[in-house]
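Single-structure report; data block below.
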Amino acid sequence: MKRKDEEFLIQELLRSQLRRGEISRRQFLQNMIVAGMGLGGVSVLSSCGGTAPATPAAPAATEEAAAPAAATEEAVAAASGTRPLTPTFYQWIVDLHPGLKAVNESFADLNFQIAPVAGFDVARFVAEGKNKESTWDVYVGMTPFVEMAALIKADVIEPWDNYIPKDVLDDIIPSIREECTVNGKLYSWPFLLDIIVQGYNTSITSKAGLPDTPPADWDEYLANSKAVLDSGAARYGCTFDAHGWRSLCPITHSINTDIYYMLDGDASGVPLYDFTHDDAIAALEIMKQMLDLSSANALQPGTTDGGVNQTPDEVAFAAQQVAYYIKYQNAPLRMAGTWTDPTALRLGALPKAKGGAGSTVFWTTGACLFKWGQNKEKAAEYMKALTYDAQIWKDSIAGSSSGHPGQLPPFLSVNEALQKENADWFQKETWVPLVFEQLKVAKAIPNHAFGLQQFIIGQPIWEKYLKGEVSDPKVAMQEAKDAVAAEVKKAG
Amino acid sequence: MATTFPTTVARPRRRWHELKHSVNWLYLLPALLFFIGYQLYPLLQVLYISFTDYRYLRPDPPNFVGLENFSNALADPIFWTGLWRAAIFTAIFLPGVIFIPLFVAILVDRVQNATLSTLYRLILLIPAVIPGPMIFVLWRWLYDFEVGPINVILINYLHLFDYRNAPQWVGDSPLTLPAVAIMEWWWGLGYHTMFFLAGLAAIPKELFESARVDGANEWQMFWHVTLPRLRPIFLILVVLRFGSAMAVIDEFLIMGGFNRSMPTYTWTVYMWHLGFQLGDWPQGYAAAIGWIGAISMLVVVAALFYIFRNQD
Amino acid sequence: MDLTRSIDSVQVREAAPAMHHRPRLRLGTILLHATIIFFCLIIVLPILWVFLMSIKSIPDAYTGKLWPDQFDFSHYNYVFEHIPSFWNNFTNSIIVTSATVFLTSVCAILAGYALVHLRLPGSALMVSLLVGTLFFPTRLVSLIGIFEIQNAVGLLNTRIGLILPYVTLNLAISILTMRGIFEQISPEIADAARIDGASSWRIFYEIMLPLIVNGIVVLVIVNFVTAWGEYLLAVTLTNDQSVRTLPVVLATTFGGFGEWAWPRIAAVYIMAILPGLIGFAIAQRWYMKGLTEGALKL
């Protein structure tokens, strides 16, 4: 083991001991000097927020420490947390949550970064990890089913368990905690909660003579959409986002949540979406009926983020051309912000299937800790300040001039406090309790390395049925399933 | 007699010339430095990389693999699809970028009023001073299916379509490449019109006079006097635009993204995707793709030159 | 000139067409101007549309109505308040573009002068090579190499790392343009000065430069627009929003300002194209002169 690695590990061990109060500051410094990292210890102490002992104490290090200390000082300084806390965020988080700025300002010595737009993925982290380096300390914007499994497998992230305060850990809503946990350890510090729900535009539905209640099941949903279309109240009856995790999967969950299967020979032990399950096929058929009532270009890719965002369904809903919409609550809320009368928006639970499970999909966007990053305790402090910040939640739930993201807190105490306080602005957001009710029955997509990719691979294939190129949904779904299985096997 | 005189004078003169020449090269030095540093050397380096299995994100040193990258590329269906898409785009784009500016140039050339003529030229040149990405963002908006003004006018004002069958301009649609071509025509209209105007202005008026005296009408004058005179400009434009059309990448990155089924995923986008995004950035393979595409373009360019040159 | 004679000749000129061609000339001219104006409208309307978008109220912007019911001028203000990186990106654009324009112009003017007015063996070969590079997709193929170079010298994600390759973007065209301009200057001027004993540098600086001002304007404008809007190199060589130039940030498909309401993006857009438009408006007379003087002669 190289000296640099050895020192890094020793220092980390000492630091965690110091943090947990097992050793005193003096003992910490003494041990650091003994290990030949005296001067580095001084800077570590100061970055831990305590007053560093007067510098003359450091040169009192032994002869043996002085010489290698000089040489390794550089290495230690690099590993000792002398760089400020360096979190990285996706641009959209900054855009949607203006309260972030105030949180950042309250943290002295913060090197706030926006994630680079290219090359920000596992391969990059692995490459850096080979040199035991990491450009960033914490990455905010990770969604568990999208990338967490890959990050864990590549061994570039570390669980939060050693750093997250216990009361915070217990405060996480149980289903969310389960989503973020792998092998008993919490790998994602949840921040923003999204659930697939339905939304509708009452100014259109009332024109079509429909009641102001969300359709309870798919038959009613489709019938209402058709009524809107027939009455000419809007161009389209209903719309949806063509990406699988935003449409196919939640619709399937509304029928049955037990639609995952273990692929033969898949060592990960995590199930994949079973395309050929009867209920998955039923969901696809519902989607086809929805497509007939929706915009002609609902299957087109979006215009930003490589086609994943600013999708045609969003544009149609924002332009008030469609009545009913299923997507995560963020979308209808944000799009309604551009209406002349935003109060015409209603949210509701995702329609059930008659006699079905009535579930839906949820996920959280959270933060993960880079294994080779620094400032890990500080990262935990930062995340706590961020995720409990009242202003961020108020802006998110009630909306601000930046928009109305509607993303919800993942913590029991925060939500209870909001409900108890029942401020005026909170009362106006009648959708919040509805969405929380949904959370009780919602299920997360399993954290497979291909959790997201399986839907991306399958989409062009199941769309063949939606576009009418293939007449039997079973055939299309079987092909999708096989394609995903082939890719999983290829990746090993 | 005459032979001896020059030689006795030539020697000191040659030395003086040589001295002068070396100073003269200094004027070229800055440009040369940039060329060598950021064009020649990178080109050679890419050529070198294309013979290795270099992957940017892997710290292992690259190994020489000979022509393996090239044979893989030639067997790669995505590469061929990409090349084909670029070829289709070029075929759609080229006629428009030649004939529309030619038409406009002929019209503007006939404007008698000097102020109006200048005004027209200035207006036509406006897109030429708007940077590329801004043009692409603008047209991405214009082409938006729901709220873009093109479809709004087609549906609401001209009633040519309704919202069920209105054209899907950009996206997973066969109209995408023509849509990008239209955008390029719009962008280059002013600049290319200037080219043709310069060419038209260079035609001596006497040629027209004598043709008119000979009894030629407008069309015959155009065909027999104007067009032949414009041939050099045609050639230059066709070859230049062919090159830039086959190598288009910015537009497709901005308007298309990395979805392989989209018509904008050409060989250039594929090359960039491989070199800077996918997996561990297999730049050796990407380099090979780049070179194969470039060489095939050169072949066509050489052919174009050959075809056009013989008629002189 | 004899005033009476000029009036007569004017009258004669007007009378002749009036007598023979007036009706046909009118229709032809009207058609001519109408067609040209049609093309001009096609050019101008999209830009006007974006400008209109930037002052539309948000609901109107999303309905696709061409003329808004309600105007909203607050979007420009919003941009200033809410993108901390806006000024950063704008400044980056200014710095990178100015440096690129300056360096390219210096190189091109010097090289153009040398190729025309100074004796250089092999200058014909050089010109052919320059023309040759225009037909080869140099930027595309050398991209990976440029990335590797900047990586090796640690210039990734820096402004200088952008400026240096940017210079080569238009260098060949710039040199050829300047060559065209210099060829318009008769070599006798240079010879006369040389006989008087002036060094080639003095000839260049005191005689040539003032004559090519229009050409320089063309050079500056063309290079300005290219450098201001260069996308591919910026996207490949930089990763941080804080180093990128404004048009690139605006156009980046990965969440640039994607979450923003369209009128606000339109406001940023207008501000991003204004420098080019204003510069063009100011310099247009010299630009047009430069184009006719020979900037278009390859």
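Couple of notes before you dig in:
As written, the chains take the letters A, B and C, and residue 1 is the first residue of each chain.
Throughout what follows, a contact is a pair of C-beta atoms (placed from the backbone, for glycine too) under 8 Å apart; a residue touches a chain by one contact, two chains touch by 3 or more.
What you are looking at is a predicted structure, and each value in this text was computed from that prediction instead of being measured.
Viewed as a contact network, the protein chains are fully connected, with every chain touching every other.
Interface comparison, B-C against A-B: more C-beta pairs in contact at B-C.
One simple way to say how far apart two chains are is to compare their mean CA positions; for chain A and chain B this gives 43 Å.
Chain B and chain C, compared by their mean Cα positions, are separated by 16 Å. Annotation for chain B: residues touching 2 or more other chains are 146-147, 257, 276.
Among the residues of chain C, those touching two or more other chains are numbered 61-64, 235-236, 253.
Those residues of chain A in touch with two or more other chains are numbered 118-119, 303, 306, 315, 319. The part of chain B that touches chain C in the complex is made up of residues 17, 20-21, 23-25, 27-28, 30-31, 34-35, 37-39, 41-46, 49, 104, 107-108, 110-111, 116, 118, 120-134, 136-139, 141-142, 146-149, 151-153, 186, 189-190, 194-195, 198, 201, 236, 239-240, 243-244, 246-247, 249-250, 253-254, 257, 268, 271-272, 275-276, 283, 286-287, 290-291, 293-294, 297-298, 301.
Contact residues of chain C toward chain B in the complex are 32-33, 35-36, 39-40, 42-44, 46-47, 49-50, 53, 61-66, 103, 106-108, 110-111, 113-115, 118-121, 126, 133-149, 164-165, 167-168, 171, 175, 200, 221, 225-226, 228-232, 235-236, 247-248, 250-251, 253, 262, 269, 272-273, 276-277, 279-280, 284, 288, 291-292, 296-298. The part of chain B that touches chain A in the complex is made up of residues 57-59, 140, 144-147, 163-166, 168, 171-173, 257-259, 261-262, 276-277, 279-281.
Contacts from chain C toward chain A in the complex involve residues 58-59, 61-64, 78, 82, 84, 235-236, 239-242, 252-261. Residue ranges of chain A in contact with chain B, taken from their complex: 118-119, 123-124, 126-127, 130-131, 235, 295-297, 299-301, 303, 306-307, 312, 315-316, 319, 321, 460.
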